[in-house]
């Protein structure tokens, strides 16, 4: 009993020590980028969670690249259908005003820039906006799915990822080391530590996670970081 | 009264003198080229008439390039709809099993060779299968419509036309003089005088209209005509 | 943010002299009657119109021609129009004739984010002049570029507030292709329905492509060639 | 001439060793279960399969992989399959990974008689290696060729004797694209209806593209990721 209490206390204490965002908070911060009337494609992982934080006062339509506009929430137990899934192969629902189409039209609307925002995860992002998120040499490669199409065409691409990999190495680099998914395409990165914009001059720090020092962000970014004026904390 | 009788008699007499086919008979002869299961696109003019002679024992599906497979007959008076027309802008009907699609898919199925036979009219056809049917220099040009797409893609193209133009000049030539609609595409020509195949060696006479002499066909064809063995009369 | 607007006048308010328009329809079938009327009333000039046909003298795009609003027509077939012929022969009107399948596919290419397509239509003809000819598997094709248009004006049978559209019978024709292809897409519909009334499985134009939608009025839906039979 | 056949065994009778197949579906959604079972029973080998995914170990194309019938997979994503991974790492299986939109559009290109398309997907990546890169309006695109396949095997919700097909919800995915794209198209449907029962306005695949059709049996329609909510 005492051990458990001590454990809980330690977790609680750690929570204050480690002010970095968890994946839900990253999703929450990204949701602030949504605007009324946006059509949005959310990738698998953290990006999917963004759907839970869409402000109630705006209307956002989610696209699933397997052929659906107007993706609704998971179905009520017992109402799930094998014929209605999202690109992550999860059972979902439609909404009033949804539309269904084939994969060519789905990527057609992506390619022609009709999707206002794409949110996806990454293994590496470089300061010129290159992204690597599909292949690690030497490991089993599962495929790029729709990621290459999305990053090659979307007007606005936000990457949701941890600032460093499990080995503690920065995922923000001067140049990606892994095989690329797309080039010069990422516009913004939201990590557990910061919101960073990709400008012509490179990474530019926009916001810090609550309690995170600029020095830490600089230390964990393996490229130049433009820090211009006062950097506000994220408003979560 | 006597004048009228004389007139009718003259017409009757002329009928025997001029054994050439009328446009209905040309359509009738072309209908013999249809096979069970064929998807067919019929151009405006004589080709449209082919629909009236489809043998009862075969199933042929008519395509209208404005976006319909399974074109039915003209509607019963009072049931015509402005929303249901063929490529000649005539009111038509659908049939059980019809399908409607947009113009891109319509020409998609034409381009990918799914239409087994295209029948269209022509102003000139050359011995290598070139066709001219859309433009006369110096005259108002109305446009090629879907003809260039059809002749560039259809697997089997039959031209329905008079053997000579109103000035009595052959419409079958060594080389077309008018601007081309397509090249090396016509497979067969059915005229008021003959059925002619286009072979690698040029025009080859297959059949003559009832009572028409081979000499007349040769005389009215402004190119070499291969006449190989006995040339049967058309069986109408 | 709503796509729903009140009428054609509002829909075309920002169409200006020199705009490039796509207009749906085949002959007089499935044409955006309300918007054409509004364009005639507005009197914008020097328009480039991409449309399979050019209407007849007193209906469809013919009304805009009569009003001398059209600088250039890009079409596959432009018969049935005496005023058109007069303007063309007098040099007032420019015409670019394009094979019908090429016209349709250049719209689709724009909507699908493909900068160009290859088609065999027109190879060996004057349509090929100045164009890249390329051989694939022994057959020659022309490179044709995707259209770039400021506005697509389409007519649908039903639509909802999300901009989802369905078309009736062969009034579909070029409408869904043009709806995908322009910077701004205006849809006029015979019947505006609530979101959820259209089955998501049977939407012809997903709403993402449509920027403005309104329920049209007083559709004439003129028939160009009334052909009927007496047979029962 | 009828397109109607009795069952999957009949449908795939002329598929032989070395055939190039397209198989519809996204994940396990909308896959031609009956034909896959028949292919496994028939045991044809050295197949090239064009399909967005490769099934799971004990369902979908995974069954053909387990049976060592597949020489090459052409897909966009091939996770969720241990046997697949084993064969790939051991060199028994060849895999060509293609961006999903490119995969879809190369099918469409075949169905639309376009020999190739231009897409920006993969520019600057290893997908671009050996491919033509072309600049249109300041943006770079890859030239990607239309697929050539011997058979397309698709699964639809309903179909009629003319071969007209409709799909249900997101089980549509690649099915209508592949249905247009091969030399021979085989469609298995959950429900075969009489000609005239399907509204001509809402056909997803016109019958002209379909060569054989049959009503399938015993659909399992397995769900890969069952995600539900308790909220009402």
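Per-chain numbering from 1; labels A, B, C and D assigned in written order.
FYI, a contact is a pair of C-beta atoms (placed from the backbone, for glycine too) under 8 Å apart; a residue touches a chain by one contact, two chains touch by 3 or more.
Not measured: the values here are computed from a predicted model.
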So, comparing C-alpha centroids, which chain is the farthest one from chain C? A
Averaging over Cα atoms per chain, report the distance between chain B and chain C in Å. 30
Using CA atom averages as chain centres, what separation in Å is found between chain C and chain D? 33
Mind checking the centre-to-centre distance between chain B and chain D? Centres are C-alpha means, answer in whole Å. 39
So chain D residues touching two or more other chains come to 105, 112-114, 119-120, 168-169, 172, 200-201
Mark out which residues of chain A touch at least two other chains, giving numbers and ranges. 68, 94, 100-101, 104, 107-108, 110-111, 153
Considering every pair of chains, which are in touch? A-C, A-D, B-C, B-D, C-D
Sites on chain D touched by chain B in the complex: 1, 110-114, 160-162, 164, 180, 194-196, 200-201, 203, 206-209
Chain D residues touching chain C - in the complex, by the definition given at the top: 105, 112-120, 136-137, 139, 141, 145, 166-169, 172, 200-202
Sites on chain A touched by chain C in the complex: 36-37, 39, 59, 61, 63, 68-70, 94-101, 104-105, 107-115, 153
Given the complex with chain C, which residues does chain B contribute to the contact? 64-68, 73-92, 94, 100-104, 106-108, 110-111, 130, 140-149, 152-153, 179-184
In the complex, the residues of chain D that touch chain A are 26-30, 52, 75-79, 85, 88-89, 97, 99-105, 107-108, 119-127, 157, 168-177, 204, 221-232
